[in-house]
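The two complexes that follow have chain A in common; it is paired with chain B in the first and with chain C in the second.
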Partner chain A sequence: MTFAFPNLVPVLPEIFLLTALCAILILDLFVSEANRFLVYAFSQLTLVVTAGLLVMGATGAPISTFEGMFIDDPMARTLKIFAILAVALMLAYSRSYNSSRGLSRGEFYVLVLFALLGIMVMVSANHFLVLYLGLELLSLSLCALIALQRDAVRATEAAMKYFVLAALASGMLLYGMSMLYGATGSLQIPVVASVIQSGTADPAILVFGLVFIVAGLSFKLGVVPFHMWVPDVYEGAPTAVTLFVGSAPKIAAFAFFMRLLVGGMGSMVTDWQPMLIIVSVLSMLLGNVTAIAQTNIKRMLAYSTISHMGYLLLGILSGTDAGYSSAMFYVASYVLTTLGGFGIILLMSREGFEADRLEDLKGLNKRSPWYAFMMLVVMISMAGIPVSVGFFAKLSVLSAALDAGLTWLVVFAVLMSLIGAFYYLRVIKLMYMDEPADAAPLIADTDHRVLISVNGAAILALGILPQPLIDLCTMAITQSLRG
Partner chain B sequence: MDFTTVIFSAFALTLLGAGMGVILSRNPVHAALFLVLAFFTGAGLWMMLEAEFLAITLVLVYVGAVMVLFLFVVMMLNVDLDRLREGFWQHLPLGAGVALIMVAEMVLVVSSKQFSKLGADLQPASETVSNTRDLGMQLYTHYVYPFELASVILLVAIVAAIALTLRKRKDSKHLDPAQQVLVKASDRLRIVSMRSEGDQ
Partner chain C sequence: MSMNDLYLLVPMAPLLGAVVAGFFGRTLGRRGSHVVTILGVAISFIASVVIAQDVFAGHSFNGTLYTWLSTGNVSLVVGFLIDPLTVTLMLIVTFVSLMVHIYTIGYMHEDPGYQRFFSYISLFTFSMLMLVMANNFLQLFFGWEAVGLVSYLLIGFWYTRPTAIYANLKAFLVNRVGDFGFLLGIGLVLAHFGTLDYATVFSMVPQMAKETIELIPGSPVSLLTVTCILLFIGAMGKSAQMPLHVWLPDSMEGPTPISALIHAATMVTAGIFMVSRMSPLFEYSETARSVVLVIGASTALFMAFLGIIQTDIKRVVAYSTLSQLGYMTVALGASAYPVAIFHLGTHAFFKALLFLGAGSVIHAMHHEQDMRNMGGLRKYLPITYWTAVVGSLALAGIPPFAGFFSKDAIIEAVQATHIAGAGYASFAVLAGVFITAFYSFRMLFMTFHGEPRMDHHVREHLHESPWVITVPLILLAIPSVLTGYLYIEPMVFGNYFGASITVLPENGGLHEMRQEWQGVGNFVQHGLLSLPFWLAVSGIVAAAALYLKWTHVPALIKARLMPLFTVLDNKYYFDSFNERVFAGGARLLGGGLWRIGDEKIIDGGMVNGSANAVARLSQRLRRVQTGYIYHYAFVMIFGVFALMSLWFIKA
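Right, the complex of A and B next:
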């Protein structure tokens, strides 16, 4: 039995993140309540250094280590940097919200960093076992985060729902993976891919496993008919955690689709394409139609997320490199927009008051024209109206689906986004045309104000000049998939 | 009948008896102890299959940790068994039906031709193979990355469990050992000078 010591250089960001978060865990014991800011500062510093390590170690060609269990390719690097950015913004937005609700404990930051570690592990997993462990690391941290506000009944209920459904989804995924293992005799994704391509594996078992894998992945992504947890978790969790659940894990879910379906079962595209079409159509329909009936803005954004994930699947199911990179662009722009939206909601809520009803947005323009404008930008981006990044994101997934010959699906998606535009525009109407119901001044920290402005500006800037981000995604996908 | 068969029969019969004991004993503490016996004999059977790692883990984890915890819970909760036994006859038909289906399935599987072929081509491992050592070698070399990830997941579990349950209540009567050891004799003991009887 020979064993070569693994090359640790590609894993350096993960190793640093884990070490730093253990240090934060210990640091938290020794800082007094008044110096809680230190924990936040160290968490942000950790994120900055991890991102720095990722950027510095970037190489063009895929490198794998740990006997092929870990892969480091441009797609992994790019997605990791997206995820770190999302977490950094989320921590900044939620700081004052957390401290006014007793959530600003060291555990909050540590669990968020653990979840980020899970995302990073999933993004560069090249082995079923590692993929699964990364997923569990993410789900368990998220579940604890949702339940962290222990005295809130809604939060506990949401955590319970999330836990049970995540366990069910993990079970389905494992079952599907075990079928694939039985048919191909390997857990290594490249080996599985080559065995499937060679045609020696039993197609019946493969398709059987594929069904379970698609179901499990759909649970994780939160798309119809596996979407039941999304609205309850979004509404029940503390808004800071909702922001987290709605942002970085979507990047991980995209990576999961890419690694498992495209990387592992790419040659079975004709089998999984129809499944994803059904899921995507149902998500766009149910998400957009149900969102109209919501009065709670967190619930509305939850249904909007479901429909957005349907659009994201359009890119993946077209089965081309252009489709995958458009889906990657979509997920990046979606995360950016969601962060902005929840950033405004967090900014409007204060001690003892959650700005989570649509009515709370009434007359925002009179209270603060700048924040109302930022929310306007977020809403037009979600609706996919031009001069926002959301428009190009929708355009790119739709054109990818069109190139794949799915014209009817594209027509349907456009119709659904017209329905969706209604409830986004309703928010704008509430902000600009209605009288404010609540005259309390909006108070926010400087970093929150600056970052939300940067966030809104980024949505606009990428809406005018989307090419750099599109090129980045295309480069990452083509280099990762085609070597 | 060779010696192995005798040992196997002894273990198997004890296992069956212990299993029956778990469900038939009226006292939950006895049931838990029967379960300990069942785990022990199960470990013995694994030992006979030369799966010593599984046998040791079963005894260490289940008997040593899980069952002790179980006994604590049973003793602390004061389970009212008579209330649990209510509706036994009412649910009997359903339970019996499920049991019958399971027995039928097992008979079908065991009596199939495929089943008898299982393990026919397996060679007995050589004397020098130690599966504890081999598992260790695999875990700490080829699978070191997933192994470390699993340990991180356990760390998350610890952090989450403490974060969700530890609370500082104002009304809790907790002890502070650091304060306790600082106590001086004069805090607890009052020396009163009294005249002894002889002085009177």
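Right, the complex of A and C next:
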């Protein structure tokens, strides 16, 4: 067995990120409370450089390194850039929130960056163990982030639940992977794929493993019936962390599905498609229906996320390239919209006051018409109403499912989004038709204001001209899957 | 300037005028607005004259100017068909419109909506020109609806009057019925001919003559008959044929220039024009022509009766318009399309003249319209009086006035026709002659002769209308005298229309007439000896007897014939019938659908019911989220178990 020195070029962004975050960890020890801003600035700078490295190093064809354990393809790069953008926006939105709550410590930034590293590793994984490594890096960082407010009971409770359930899900995933290893004799995703395709593996063991893998993946995505952690974590975690949980990790979960199910078990599509259909139907139903009964915005958005992930699965389960790229488009537009929504909730929160009840939105239009309009844009995008990116996202996954011949599923999905429209529109009604309880206008930093506006404008702009993003997703998927 | 530009100029000049007066009327002021619109229509008229000369020199045009969109094999285009038929209508429309524009300066000079009015009538001119110049069904329909829209706007011009709003709504709704049929007809054409282009459709007609469709499964009917009848339903709405005539008398709520321009001379003749344009279709369906004939004859006769008992001067003219439109329709039914157009032309002049004359009287009387309060106006309004005499003689059909020629030609054409309903039609048009002469002279005598019956206050202020009113009267009186004499030979008996109108040899009324034609002199001579002339004369004599000499007699007759009078006074109960059955039925149906369909089933059952169901489900589902971690873990494990058992059971 020879051990050649691996090609480090494709891994350069990850290496840089790891080095920089260690530096930030040390920097944090030496900066005074007054200069805490430096940590934030360095984190953002790290993100910018990492993104720059990703863009500059982009090559068209997939390259694998570390003995084929790590793969660098257009899909990986695109998803990584999406994730970095999401993290950067999230850090900007949560800066003042964090500093008013004593969360703006070095740990926050380091944990977020570690989680991002986990995401990036997952996105590029070409091997079961690497996949698992990235997953655990993400999960453990998230768990620590949720529990960052050590003295808050709800946050601790949420972290506990997440930890235990994530451990259970990881166990299932590992169990499923070991089944696949047993059936195919490899942990290398392409090898697994080719063995399955050749038909020499025992189908019973394969399906057995598949069930566990789908369960583990579903937990990460937070779809029914593996969703139970989602509402509690969303509600319990500090809003800044909720924003994080709700955004970048969804990109990782999408990549996870793509690598494992599509990349590794693509030829078993007839087996996993019905499983995903069940999970997707349950998610759309439970997410949309239960969201109606919520009085807490974060909980409402948690259920909304569950339903959105159900729609995302529609794209994946259609089993075509068009379906995968529509799912990728969906995840990008979902993350963009969620960031905007939580950005406004963060903006409305003040010291000692969490704006997390629906009634806190009452009369927002009278207080700050611009933010109310931005929230309106977010809500119509979530509901999938034109002219917003959410409309095209829903349209593309629905048409992918339609092309796959799943007409009844599409009808069901549309009906469910009709139900979903109720609670999104209720937010708009509260903002525009009700009297505010507190007439004070919102105060926000300039960067936060500008970014919210850019975020809202992006939702609208992509709702009018979605083609560039659609093309990007299509290109990433076709080049990565078909080489 | 090429001919194509000239064609385009004809409709565009009034459109430009309408836009300028409509949007910038306030800036331009009153004078600016009427100058710009009159200029537009004048340009349009002059261009029409030039085009007419070109067309009669043998240069017809049929072409597309602009392709709006193409879908599949159908392309929707804007195009012009310029042939003798079109050009005749263009001349009539632009000339009458020009006269009305000038007249309006005087008639509306105190009205606050002056600029708006000019904008509307110019817009109307544009729409009407688009209608007549169309070379395809779509553009025809565009013009058709556009003139309907302007008519609606103008009937309700004085929008603060409830009666005006009622009248314009009525006109709109009744026309919807007609337009619905028209649209269905166009739809049939598109479905079976695959194109909306006139020339293509007409060239395909002979081979489609045997086609049938099944409206009720199992009983095939001729495609062309169905199409023609549907198209004619459209014409019935616009040209106010029974039973869709009810809107026209009420449309007199609009300002008088409008009654002259739209509701007498031009728009209401759109149906007549359309059927003539479609002559290649109608010629192949005898059934459809019988329908046309009977409907027209009924309108001609029964609407004339109503003219006898009206006391509102404008309503007399309105009912006479209805009756005359019936005459034109009869001519269409008798395959005598050129005669219909001929009557359309002469009628446009003398009816516009009568309306504007009535308007002049109303103007002088300070917007008094009741003839019982008039009388003896001859002294005060000499020009108006003499032009009204010309108009009335023309309407009554006395030679050598224009109406004589066209009406006699219609009567002859009907008598030469042998399709079903021709006997009834020929009786109706003959009887109509007497009644027409009677009511038109009744109006003339009641208004201009006898003792003045207005109060002295009004009488002191009586004077002849300004020149902007009288000049159009004179200019309209001239063609009311001359057009009949000059144009009967070329239009009816000559080759005036060329290929623009098709009359099959076997539908030969017109051909027979052409064979017997011996010149205008003989026609007049023959007319003086025939029944219609004497019927007209006796009508005039009767009117003179009753309204000049024995003025107490009409009241006696009325008392004796009370039941008949009641029927006439209620306009044969058409309005009450519509009000009760259609309006009441629609309200009942609407109320029922609203209360049961909307409130109970849709709102109560479907909307609120489903919403309540979702809300209940939501409340139940949220309880699943107990907060206990072992429940959560259990759900996950159960999920895995369920997925797995599903697969292994299936396998």
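Basically, the second predicted complex is superposed on the first by the 483 of 483 C-alpha atoms of A that agree within 3 Å, B and C clash if a C-alpha of one lies under 4 Å from a C-alpha of the other, contacts with A are read in each partner's own complex, and residues count from 1 in each chain.
Note that contacts are C-beta pairs under 8 Å (C-beta built on N, C-alpha and C of every residue); 3 or more make two chains touch, one makes a residue touch a chain.
Predicted, not measured: the structure shown is a model, and the values here were computed from it.
Trainee: For A:K161 in the superposed arrangement: first (chain B), second (chain C), both or neither?
Mentor: The second partner, chain C, only.
Trainee: If we overlay the two complexes on their shared chain A, which of chain B and chain C does A:I306 touch? Say first, second, both or neither.
Mentor: neither
Trainee: Could you look at A:M69 and tell me whether it touches chain B, chain C, both or neither (first, second, both, neither)?
Mentor: It touches chain B, and chain C stays clear.
Trainee: Thinking of the overlay built on chain A, is A:S141 touched by chain B (first), by chain C (second), by both, or by neither?
Mentor: first
Trainee: Name the contact category of A:A372: first (chain B only), second (chain C only), both, or neither.
Mentor: Once the two structures are laid over each other on A, A:A372 reaches no partner at all.
Trainee: With the two complexes superposed on chain A, say which partner A:A253 touches: chain B (first), chain C (second), both, or neither.
Mentor: So A:A253 meets neither chain B nor chain C here.
Trainee: Which holds for A:A404: it touches chain B only (first), chain C only (second), both, or neither?
Mentor: Neither partner.
Trainee: Between chain B and chain C, whom does A:D232 touch in the aligned arrangement: first, second, both, or neither?
Mentor: After superposition on chain A, A:D232 lies in contact with chain C alone.
Trainee: Identify the residues of chain A that lie in both the chain B contact region and the chain C contact region.
Mentor: none
Trainee: Contact residues on chain B for chain A in the complex?
Mentor: 137, 141-146, 149-150, 152-153, 155-157, 159-160, 162-164, 167
Trainee: Which chain A residues qualify as touching chain C in the complex?
Mentor: Residue positions touching the partner: 160-161, 164-165, 168-169, 172, 204, 207-208, 211-212, 214-215, 218-219, 224-226, 228-229, 231-232, 271, 274-275, 278, 286, 289-294, 419, 422.
Trainee: So in the complex, the part of chain C that touches chain A is made up of which residues?
Mentor: That would be residues 611, 614-615, 617-619, 621-622, 625, 627, 629, 631-633, 635-640, 642-644, 646-648, 651 of chain C.
Trainee: In the complex of these two chains, what residues of chain A are touching chain B?
Mentor: Residue positions touching the partner: 1, 3, 6, 18, 22, 25, 66-67, 69-70, 105, 107, 110-111, 114, 117, 121, 127, 129-130, 133-134, 136-137, 140-141, 143-144, 147-148, 150.
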